[in-house]
């Protein structure tokens, strides 16, 4: 019984799918952002799994580039979360709601 | 010289546009001056055009777009041959007429004449362009002034009609562009004469598809059944001068395009589909004529008669012989003058009676004998009376087409009978009969511009009817190379 | 014969003189500053036509000198457009020379007559302008050397007929009649034009009449082409010459001024159809026998049909119109039977006496302001000159020896006798009927009591009791009696030989002779007709009403003009063309063709409305769309690339 | 290469990003509300532009930062576009900013957006591309919500969350690209793909589709377009004008870079897959954008749908990329360049008008030609250009991009072009309906007005550009061609 | 990887992570969901460790489980009147379906593709012993520019967040409708 790339990717995919599902189907902005964080996490897992297992790295390329990538994803995720939550607070001030179903003045 | 013809109206348009508001009415004179100058240039072109010489004359040519390494070389390439020379003359003449009949426009005068002159430039560009992309450019350029002219100065459902005109033409020309690109890409050039010399043998998509893609735009413009319904609407709601231009020269763009582009570049496909074209033509003639008989609106009547008459053009083209093709070219010219005159007359009548409903008019001949007479002349020319220009053209078409398409030709000849029906019915209803009290105050044509507009067209109609040789020499030299393609190879 | 041969230019002058007159009057009318006055118009016209007449005489003289053979003037180029080459030229042979003579002389007399008849009319100048134009066109028609040239003038005479019938356009009946005349003849021209196109196509671009005739005579044209061509030409002729079933425009055309009827609708234009057939006589002869038989029978049928209508008509001009149709039917029958000379001879004599009769009716109208014979009566005392000339014309028409009509009709019936006894019988019956209705007219109009006339009609300022017409009208009538009486004598004098000069040698077979049976029967028919008319309308035993009742449905039918008008106008045009075809097609155009277009636009907007509802404003709808897009694209590419499904 | 030399290569971006800092610093140092931020911003832009020109003149090319970025004509072309768009927006929004309490932040954010996009187009490594793209995105989210009004906030949060989801998809796609090819640098990925590892087709497909979703969001391609109409309607118009051109251009630029260079360009085993994908997306975008725009009454929303449709047009160039010639990329670039001028012109005119009439409803634009002829004329010109009617830049752009698609020599691309040209006719309906409303209809309010001087400057500049490129397109096409050549793999 | 411990760890951690993630979807209380999110992050960190990504694992715990979760809690606290439930939106159905679809696609791909991956000895030889050093070298080496840009990103994210939550000068007395009216003319005739 071995655990290889496919397994990690499968877990990553499932997490990604759950993240997508949450992002697409929760009406609270905060919950949606949680889904997005899950998606990012899933890709982090994929990056790391590829880094660990992939045999495609040619000479001169560093498998740990995946790790570096993840660092940036982490950074961006944090920044994005910050701005997103600020935006959520902003819309809350205007509408007293963060329910995405009700944030639909702009339509059609 | 040719470029001058292109630029003069444009210059006039710009000049008119930037007139100070308080001198707005001077726009009329500017328009008259510039269209008159352009007309003079067109006469010079026509007269000095040498029919015995092969190829294009008065050529102006330079490369317009030629990016490095890409197959997109577009030229500014203008010139006249025997085919375009009469068209240019017609355009020059009708533009002057259109300006004249617009002399009493009192609303947004500057813009009006600017658009009118811009229209002249655009149509001139279509007739003069010898490069496909350039041709397409002018083809599209014509849309805007037409759209605005109908929208702003039209009447009735003018917005609807203008939009219909626009969308119809755009949709038609859309496929034309695809066809042009396929041909041009395949041959590596967009120059019409080069493409004519070496017709594409094979392209990305079947050439017959390319042929129809190109034809659809021309058929819409011509127009023939079943893509004609924009025409009655556009005519009905357009101001007089625009109807004149529309019927007189814009419809000719379709026939001209077929003769200049579709046939020479894709002769085999044209030959393959000649029966389809003939069937469309014959059907259009009868269909248009029968519907014309039903019309109660003066402008709609003439518009539908145009559908019928432009069917002849297609019939002549479908014959693919020298005589038929020159008949088509001749018919384009004569129909331009005749229907132009008819619309001028309708405009004059409408101006006075404020109605276009034929059934509500009666006995107008008593009040306006001159208008009635000229209208009668125009009508007779339209029904193909010998001695007037329409006859020569139609007869040439019939002679040319009979051998190839006897049934369609007979249908076409029967269209002449129907034409007599609707024209005479119209004349009878409007001009004959007892004088109606309600029209007691009407005045006959009394302004010099009305006289000049009517007179010039009548003179041309009669002159060509009696001496068709005036323009047939030129047409013969223009058609000969096209006809040669078909006679030599097919 | 007497004069030197006429140069070509002079023949052209015959044609151009009225044209100049037309052009000058036209300019005078449209350009007010020229100071043109109405009376100039008639003088100009008469001068021009007079000149033409003199020249036509010269031409006739020359032609007689040539024994009627073609003078062979070379044609001139009119149009060169690839194979479409048209040359215009003049044809001077017996046929055209004779026709020129007829046209110019009748026209000249009618112009003179018109100065009286049209006196004071508002459109006096216009009238003469059109008359000039007509004369020009008619001359152009008869002298044309090219089929196309002939056709052009053919159409032009149609146009002038239209304009002149509708001369009093304020009268709805006149306007309608004009339109009808034009369209019905145009319907005939439809076939003519097909014939023209056909012959051009099949001969490889020949329009020259002589050449076509020669080709046909040498059997170089296939039977199919010949049948098509001859029938087409005949249909054109039938339209112009008012042959059944295209005859019904002519009675209506009587709405025009009477001199117009006199010139156009009796003497010249309507005879153009016969002229056309005669022009192409060699071709017609070359055509299969069925074709000529058809022509003959249609002519005969027209003759008897029109005569029967003439018997019951009450309008004097209409009677004359039916008579014209009937006589034209004779001529067409003759052509169909190969009686070239008889047809032309009858055409020749008929032109004069029918013109005379029309002028007489115009004179009567001038006095009574009506054409309705029921309002006339007893005019012989008030208008002795008119009466006398009318009698002579009628006798000539009835074919009473030795007037002109007798000779020509006799030739005609003789031809029928030789070829087809049945047609001869029909012809003889028609002769009887002709005499009957002509004398019915005379008895109703000139005998009995005056029944009051009618109030002033528009365009005429004459009122009061009937009186003789002015000299300008009577003099032409008197002059016209001369040919009506005398011209039949040409039959004895080599007319046939002369007129056959135009034909190729092979088909000249005219020989003047008389047949006692034919002679007797026709004379009997004529006098029988006169006698019967006298019995009914003079002695009133039996009374015409009784006769009408006795005839029962025949009378109703004939009085209703056999309902051809109704069928053609009401049935074909109104119901089939307008109501059925036209309306449905127009509706189809509006609903289906345009409907598809508008439907597309509306549909696009509808779809647009749906599409914009996709933008619900809910953010997650958008992200869902994105995801859906991703999933679908991936799956499609996976499936297309085949990697997943294959395993 | 020394550190400074490397920085020299990314000079424009550095200038812009540094300029943002300077602006923020100036805000701190100078008294509040006094600082000439606009001038300062323009100065920074001028410096950046100067540096870019210097690059262009000296022909500075090649990778730097260990291949993380490249400096080439392709990047420079887009850098010029970004700088021009930013400058235009800066000038046009000076009045608008006065009413905003955050002018320094506004300008700083604009500069950061421009700077990060400049880096983005130079990016040659997935990591840098990701970071630069996210920087751009985040800054734009903030910009959209900048006024903190109700609709602005809604637009902001929609934009942000859509963007975040798109970024999530994209990074997941990057993960697969990275994992499959074992490289983060585009050159590395390219060499892997070109080596023809057919077995990696599935993960590669997964990767590029997910990445395309991320880029598609930027380009507003269907089905990643959902945010566009809402954000266009709700966001602050000057910022939207920036977004509509710069962000879109950035999206297309990086898509070109990644798919053309990164995925090994044409003739790889997946090139047809992604080319067709873009083709389908293009068709969907054109159809959806145009059809939905037909029924819009709010101008900003209309422009939102229009931008979707235009993205579809441009994506034709992406689909045509797979042929190996430079026509596809150059088509995209040329179209984008004209689109920047056209769309900015349209947006600025709308801003200037709506500032006065206080409405974005199309109906309220009635009779504008009499109230402000200049604005109406320029807006009409831009609408014509968007429709693709000569003699505007949009016409040439459309023809050029269609030509490149046909040149690609694939039958399905011709179908694509056919759909596109038909869509042109559809789009004419709503563009010209707006033009008609302005020009034909009667005004409710006759008061005349003029835009401010700064607005006039940019408007005239945009209009002149639109016309000039329409008449003399050759230089710009050549520039796009040369720029596209550098995109090919060395 | 054959080591039994790693295998077990993988499966256990995967199970925890997936179940927690799924629970986020299922739970009705937002605060509980945040707690579970932290569990997911921690489980992820564990998985990272099984991939020898020690530095990332630590960073994951610090940034995600620490900072971002706290941010979420703040967000919840700053929106006191908004509902606390974790309800589904109108698009829950499609969302779930699409999430499942993408997951299925990835899983299928993962197992369908013959990955070019290291196994056995080669895998053991890939030493991820000093990831921090390598990452540090990378950040300041080839990816220094991205690193710098990330700093710009962070700076302006900070600035943006501050800007967004700063109220404009006119303290909020306006309702949404009035705002909407004003909004139609951004920067207009106020």
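Residue numbering begins at 1 within each chain, and the chains themselves are lettered A, B, C, D and E in the order written.
The criterion applied here is as follows: a contact is a pair of C-beta atoms (placed from the backbone, for glycine too) under 8 Å apart; a residue touches a chain by one contact, two chains touch by 3 or more.
The structure presented is a predicted model; accordingly, all values stated were derived computationally and were not measured.
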Next item on the list: Starting at subunit A, find the fewest moves between touching chains needed to arrive at subunit B.
Entry: 2
Next item on the list: When you average C-alpha coordinates per chain, which one falls nearest the overall C-alpha average? Tell me, please.
Entry: B
Checklist line | Chain whose Cα centroid lies at the greatest distance from that of subunit B | finding: E
Note to self: By mean C-alpha position, what chain is farthest away from subunit D?
What the structure shows: C
Item checked: Interface with the most contact pairs, given as the two chains involved -> A-E
Item checked: Between subunit A and subunit C, centroid-to-centroid distance (C-alpha), Å -> 94
Checklist line | Averaged-CA centre spacing for the pair subunit D and subunit C, given as whole angstrom | finding: 77
Notebook entry, point to check: Using the average of all C-alpha atoms in each chain as its centre, how far is it in Å between subunit B and subunit E?
Noted result: 67
Next item on the list: Please work out the Cα centroid separation of subunit B and subunit D, and write it as a whole number of Å.
Entry: 42
Margin query: If a residue has to touch 2 or more other chains to count, which residues of subunit E qualify?
Written below: 89-91, 94-95, 98-99, 101-102, 105-106, 109, 112-113, 116, 143, 146, 150, 153, 157, 160, 164, 167, 176, 179-180
Checklist line | subunit D: positions in contact with at least two other chains | finding: 127, 130-131, 134, 138, 141-142, 145, 148-151, 156-158, 161, 165, 169, 202, 206, 229-230, 234, 426, 429
Item checked: Interface hub residues of subunit A, defined as touching at least two other chains -> 5, 16, 19-20, 23-25, 27, 29, 32-33, 49, 54-56, 63, 65, 68, 72, 75-76, 79-80, 83, 87-88, 90, 93-95, 100-101, 103, 105-108
Margin query: Touching pairs of chains, all of them, please.
Written below: A-C, A-D, A-E, B-C, B-D, C-D, C-E, D-E
Notebook entry, point to check: Which residues of subunit A touch subunit E in their complex?
Noted result: 1-31, 33-35, 37-38, 41, 44-45, 48-49, 51-56, 62-65, 67-68, 70-72, 74-83, 85-90, 92-101, 105
Margin query: Touching residues of subunit D toward subunit A in the complex: what are they?
Written below: 126-127, 130-131, 134, 138, 141-142, 145, 148-151, 153-158, 160-161, 164-165, 167-169, 171-172, 174-176, 178-185, 188, 191-192, 229-231, 233-234, 301
Note to self: Using the touch definition from the top, list the residues of subunit C that touch subunit E in their complex.
What the structure shows: 618, 620-621, 624, 627-628, 630-631, 634-635, 638, 643-644, 647
Check: Any idea which subunit D residues touch subunit C in the complex?
Finding: 157-158, 161-162, 165-166, 169, 201-202, 205-206, 209-210, 212-213, 216-217, 222-227, 229-230, 273, 277, 280-281, 288, 291-296, 305, 426, 429
Checklist line | Complex contacts: residues of subunit D adjacent to subunit E | finding: 10, 17, 20, 24, 65-69, 95-97, 99-102, 105, 108-109, 112, 115-116, 119, 125, 127-128, 130-132, 134-135, 138-139, 141-142, 145-152, 156, 197, 199-200, 202-203, 206, 234, 236-238, 354-356, 358-360
